[in-house]
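The following pair of complexes shares a single chain, chain A, combined with chain B in the former and chain C in the latter.
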Partner chain A sequence: MSAPLLDALRETFDALPASRLAAGGLGAARRAQFDAALADGLPGARAERWRYTPLRALERRRFGRADALPDIDPASVPAANLPRLVFVNGVYAPALSRVDGLPDGVALYPLSQLLETGDARDAEFLARRFPARDETFARLNAALALDGLVVRVAAGVRVATPLALVMLGAPAGGDVAVHLRHLVELGDGAELTLVEYQAAAAPQAHLVNSLVQAHLRTGARLSHVRVQREDAGASVFARTDAALASEAHYARVDLELGAALSRHELNIALQGRGARAASNGVLLADGKRHVDTRLAIDHAAPDTRCDLVWRGLAADRGRGVFHGGILIRAGADGAAAHLSNKNLLLSPHAEIDTQPVLEIHADEVQASHGATVGQLDERALFYLRSRGVPEGEARALLTAAFCAVVLEAIADADLRASLDAELSARLPQVAA
Partner chain B sequence: MLKIENLHVSVAGKPILKGLSLTVNAGEVHAIMGPNGAGKSTLGNVLAGRDGYEVTDGTVEYLGRNLLELEPEARAAEGVFLAFQYPVEIPGVNNTYFLKAALNAQRKHRGEPELDAMQFLKLVREKLRVLHISDELLHRAVNEGFSGGEKKRNEIFQMALLEPRLAVLDETDSGLDIDALKMVAEGVNHMRSAERAFVVVTHYQRLLDYIVPDYVHVLADGRIVESGDKNLALKLEEHGYAWLRDRQLPQARA
Partner chain C sequence: MATERTEIERPEIDQALNRRYDAGFVTDIETESFAPGLSEDVVRALSAKKDEPEWMTDWRLKAYRHWLTMTPPEWAKLDIGPIDFQAISYFAAPKARPKSLADVDPKLLETYDKLGVPLHERARLAGVAVDAVFDSVSVGTTFRKELADAGVIFCSMSEAIREHPELVQKYLGTVVPIGDNYFAALNSAVFSDGSFVFIPAGVRCPMELSTYFRINAMNTGQFERTLIVAEERSHVSYLEGCTAPQRDENQLHAAVVELVALDDAQIKYSTVQNWYPGDENGVGGIYNFVTKRGDCRGAHSKISWTQVETGSAITWKYPSCVLRGDDSTGEFYSVALTHHRQQADTGTKMIHIGRNTKSKIIAKGISAGRGQNTYRGQVKVEKTAEGARNYTQCDSLLIGKKCGAHTFPYIEVKNPGAIVEHEATTSKISDDQLFYCRSRGLGEEDAVSMIVDGFCKQVFKELPMEFAVEAKKLLEVSLEGAVG
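Let's look at the complex of A and B:
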């Protein structure tokens, strides 16, 4: 007796041509992951990592599969000026994408192209198995993802222009499940900025399951920005797994602004000495939205460092869930880990659950964490109003100020301005 | 311009103002003095429209309108300005951005065209020059990390920029050294005009050496108990507020 959600995905899996599933020599791996997902089912209330994000309502829904590309106005697609790969309902859209003018040493292509015509060895990352019972979405992704973005940057190549990954949801004659798998590989000393958009071309209630794997070799630097502004009906399950070699640096900013249900698991393994991660983000839960971000930073080597700065806003009947997990393993001496999570509750019916968790097994570490939940400062609000700023604008100003620290780390001025614009467009709706 | 009659105000159920009456005409400067706890700050806050100040009786008429029914931002746009005793620090909100938003919101409310960035900066430079304030304050977040003196200068600067018709200064002199005090006074004196009125709330007579008031009122236990000209302030300075308590004065009329 399995859930309608899984039943429908089984029909999808069974209907996929064997040749597509077997491409890249992945047939057996896909089957194994699919069987494992079905056998263990969706994580329930007793799965610790899913305690605050119940899936019972989602489990009862059925999602089909989109094959055809709907018409999309190119002007409505984010990242207009950047080289970009665009996926609509999980299908690569060449007409909306732009891959010309990339510097030597950068390979950027859709996963579907790799599976059809590429070297099977380049697709090996897809054979990865997800052992834990609650990794249902990763297993489903491993089984069903036939497309996604692949970018490889050769050693020593510094890519000046940001590249964009755009995932668009569009009406498809019914609710569909989208599975996308992405790979980012940076060679020694390579540098890249990746901008990821999860957005809606039109209202829909799809299920998006997106998994990014990032490998940063020695001294590589990846700046990764993610803007999630899906339609208010959509459900988004995103996972990012990054592995950093020594002296590699991974800096990311997440803006969680949309979707009915959004869960992001960000797993960063600091595997080499001196590897550094910086993760900043805004979680915005208004309306009836449920937004859950779960960080797991793994310090496995000495002198590694992480700085995590997250701000949460919950309004109306929204619910924000934040888990900041930091593990410092034995031997990771000299590690430094700092987590700041501040939250604003803007309505009595909204809810914030924040949980900083530090687990330290090494000596000589520096670790700090702080989590707060509060309300807008009424004195500041009155001060602004007493100068003539209307209440709604004053609230928007204060919420924007509350989130401002998140964007401070972005060095690229154009990128920072565009993210600032994303926030400025969204915050007044929350603050009103 | 401002006509307060028999104003009763409670804060958290506790009566603070108990029948205050005061009339302020355009062009006048009124000083309100009084001991701590007399209700001086309550008067400023209730005029600016702060939440939590419950008017239980009386009226406040401003330019022929019922001031109490206006939202704080509408009062500001109609020309009421309160210089805060404790200006609020607002991290993350740039001072210049805030001032431009405030000025343009007021202009919009009044049906005047909004100023663009160039026009606004020109105005700001002009006001800074008059007040001898460094433009360094502009680049910081609103009052964040400002010294006590800098906060009060910022209040006066905002007043100069927003050009209110009725400015209420709530203990703007508290915590100021003599140079800052003179600067505050210069700012006010520079703005004195036949169309504008000031209500200067202070605990000490010192400020009134530099801002010479037309009228001085003594506020005690929620009411104005004595009114006079600037000499009343000197008398208070000499005898202290205890001197008042010994006198059973009828409520004064301005």
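Let's look at the complex of A and C:
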């Protein structure tokens, strides 16, 4: 009766060695989460949080599990010059990773290593339960993720060099489901830049289910850049859950450039006074791609702040979905929340669905959001053409200008340049 | 007043509830009220009681059968206990009325005083039997003749079903189909009465259809059904409701309003809703579940909704426009206020189907006390709506620490020639503004009321003038005690 997708995952779960599932004392928790996912199934059309992202086609597909590491040309792996952990089809690739030369106070290692040899208490974060019925992917992740990145930065340590998390998809003789769970922990006043790549080494149609948990203690600062440029056949379900203590600062930029279906849930809990989140991003839905990003910013403490700047482009038969949820709880006085979501709809077969949401239970607040859907400014286009710029180039130029504001938030010049390059490589294809 | 509203909780009703219906029911038709409960027999009996033709009975039954297959909507941000639809009487004769103003709750009279309601109207609003005091019949008749001369049909829905069956059959349920939603289906099955307006081609309705309504169409009951049809090039402005608080025996209201505008027609629909909101502790109060939808069927047609919602314990209401005709326009102007424990989930839908269709949404929410105020709006641009434009502005004002203001827009665009803009802000009355007003010698309440008035101005200016003046006063009264 159940969906082929879940049937196949059950076969995977049942075939996993009991010792691996039980590592870290997690056996029962994994089983419970898996049973819950099977019992509730995939969220359907009536699930409010999934109303714009149907999963019916995906539900009918089957995904296996990859064990072996395929050959990958190291030169093709992103973040070449950075310390990095690389996972290919969900399997840790030590030969492609680089963990040397890290400053004192920084621990960077794969989750599999922690589960095999580490202290079980360090793996406790994996026992987290996901209670909501529509959290199927998080539950599956909790049940099936055996690897991922763990980075811990001790109090007061400021890491100058960005660290990279690279998740690569490569052909595996069939479609596989990848489950990865990551942990980023920053002690009091610690600082870190994390660069996350979700990319394809070669065409494939895998399912990626990746969950990042980030804990920022008092005054910690995390800069997080994520580039999603998976293969046009792949399906990506990413989730980021960040919890910020007082005066912590979480700044991130997301570029959603690839995959057939990409859903990212970004949940940021501003739990301490003065905690601050800045989240910028570009959603690019061209070809037949479906890109869905869902923000949930939770202001639970006074004087918290969020600034959200997102740009969406939909072309060809693409569909861009954006949800910008801002919750200000009672008692979070002095909170400020601002969201801007602008979209370009560039084709008669494309679609944009946007939903900026404010939910406010305190009165000493400043909250606003704006959302637009429109086209490139015809007058600007005319101006450029009148100056001799060919139409295609003019469109690309205007589209790049439309997205430029998103990258302005990145302080690191090298990083900004590399993201600019990622975007510049893709935008002309959309604008044409 | 509060005790009257909580009648549903009385033990005798519980007893009635626990009693099973028996065959004696049908013979009860001749009595004044039906016992509580809903079944096919009740729907048939209701239809028979109103002398309706068979097609109407069948229509109701079809709606009832559909309703049985549905479940109450749960998506709204409202905290509502389950509603027992079997505990309601679907046909009730007027209950015993107070004999004179002396019998009326003094609190209510005090409010009338503040609102400046004329003395002779107070009695009527308070539900006092007024026939001798105020000759509504003759006034109604005067207006009626003037309307008839213009060719306008304006009558109760029951009358329209009898006198103009061809028009009712042609339009009823074409904008809000019987299975549209849970409450619309219920309304279709058991609607008590309502208004029917028909403006023939080329006619500009000679008066705002309000005066008459306010005099004659009271007590149309809890399941009101209104249908307004504006033929080609016609124009009508319709005013619903009243700023003065109204006595009402029914706790659950589920109304349906359908508007049809043909080529070049314009309908302006204004509402001031001030049903009993319950007391400070949220006891009692009306549950108001309304489906209002306008269909801009013709090219260059226009439908404009303006609402001031200050009453009811629960408001669930989304006056919408289906912009089918090319170059048609939809507008929605709203002020929703929640105080004490009131909850409102209200907004609009603008569905752009025709080319060059335009819509504008201005929604102002004010939350005070423990009120919860939600704007929920959908702007949908279909593939066919080349050149569609929408502008949405929704602002929320918070007065107090325990209230909530929420904004849930749904923007769905499928045409690359469309431009959709949505802006929303939430804030409290700024200390700077208050300080400025206070430094000019204004008392705190006056200052707040002035700022609130400014906040709502964009909406009030859409209301017919006398209504706007009343609405402003109403906000002042409704916000009493919210500050300080």
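Here is the rule we go by: the second predicted complex is superposed on the first by the 432 of 432 C-alpha atoms of A that agree within 3 Å, B and C clash if a C-alpha of one lies under 4 Å from a C-alpha of the other, contacts with A are read in each partner's own complex, and residues count from 1 in each chain.
The definition used in the following text is that a residue touches a chain if its C-beta (ideal position, glycine included) is under 8 Å from a C-beta of that chain, and two chains touch if they have at least 3 such contacts.
Being a predicted model, the structure only gives us computed values, none of them experimental.
A.B. asks: After superposition on the shared chain, which partner residues are touched by A:Gln355: those of chain B (first), chain C (second), both, or neither?
C.D. replies: After superposition on chain A, A:Gln355 lies in contact with chain C alone.
A.B. asks: Is A:Ala400 touching the first partner chain B, the second partner chain C, both, or neither of them?
C.D. replies: After superposing on A, A:Ala400 lies in contact with chain B but is clear of chain C.
A.B. asks: If you stack the two complexes on chain A, which partner ends up touching A:Arg379: first (chain B), second (chain C), both, or neither?
C.D. replies: In the superposition, A:Arg379 contacts chain B only.
A.B. asks: Using the superposition on chain A described above, determine whether A:Glu391 touches chain B (first), chain C (second), both, or neither.
C.D. replies: Touch status of A:Glu391: first partner only.
A.B. asks: Go through the superposed model and pick first if A:Leu346 touches only chain B, second if only chain C, both, or neither.
C.D. replies: second
A.B. asks: Determine, under the contact definition given at the top, whether A:Ser368 touches first (chain B), second (chain C), both, or neither.
C.D. replies: It touches chain C, and chain B stays clear.
A.B. asks: Is the number of chain A residues in contact higher for chain B or for chain C?
C.D. replies: C
A.B. asks: Where on chain A do chain B and chain C both make contact?
C.D. replies: After superposing on chain A, no chain A residue contacts both chain B and chain C.
A.B. asks: Give the list of chain A residues in touch with chain C in this complex.
C.D. replies: Against chain C, chain A makes touches at 48, 52, 330, 343, 345-348, 350-375.
A.B. asks: Which positions of chain B touch chain A when the two form their complex?
C.D. replies: For this pair, the touching residues of chain B are 48-51, 71-73, 75-77, 81-82, 84, 87-93, 98-99, 101-103, 105-106, 109, 141-142, 158, 162.
A.B. asks: Can you list the residues on chain A that touch chain B in the complex?
C.D. replies: 377-380, 382-391, 393-394, 397-398, 400-402, 404-405
A.B. asks: Under the touch definition given earlier, write down the residues of chain C that touch chain A in their complex.
C.D. replies: Within the complex, chain C touches chain A at residues 75, 77, 381, 383, 396, 398-428.
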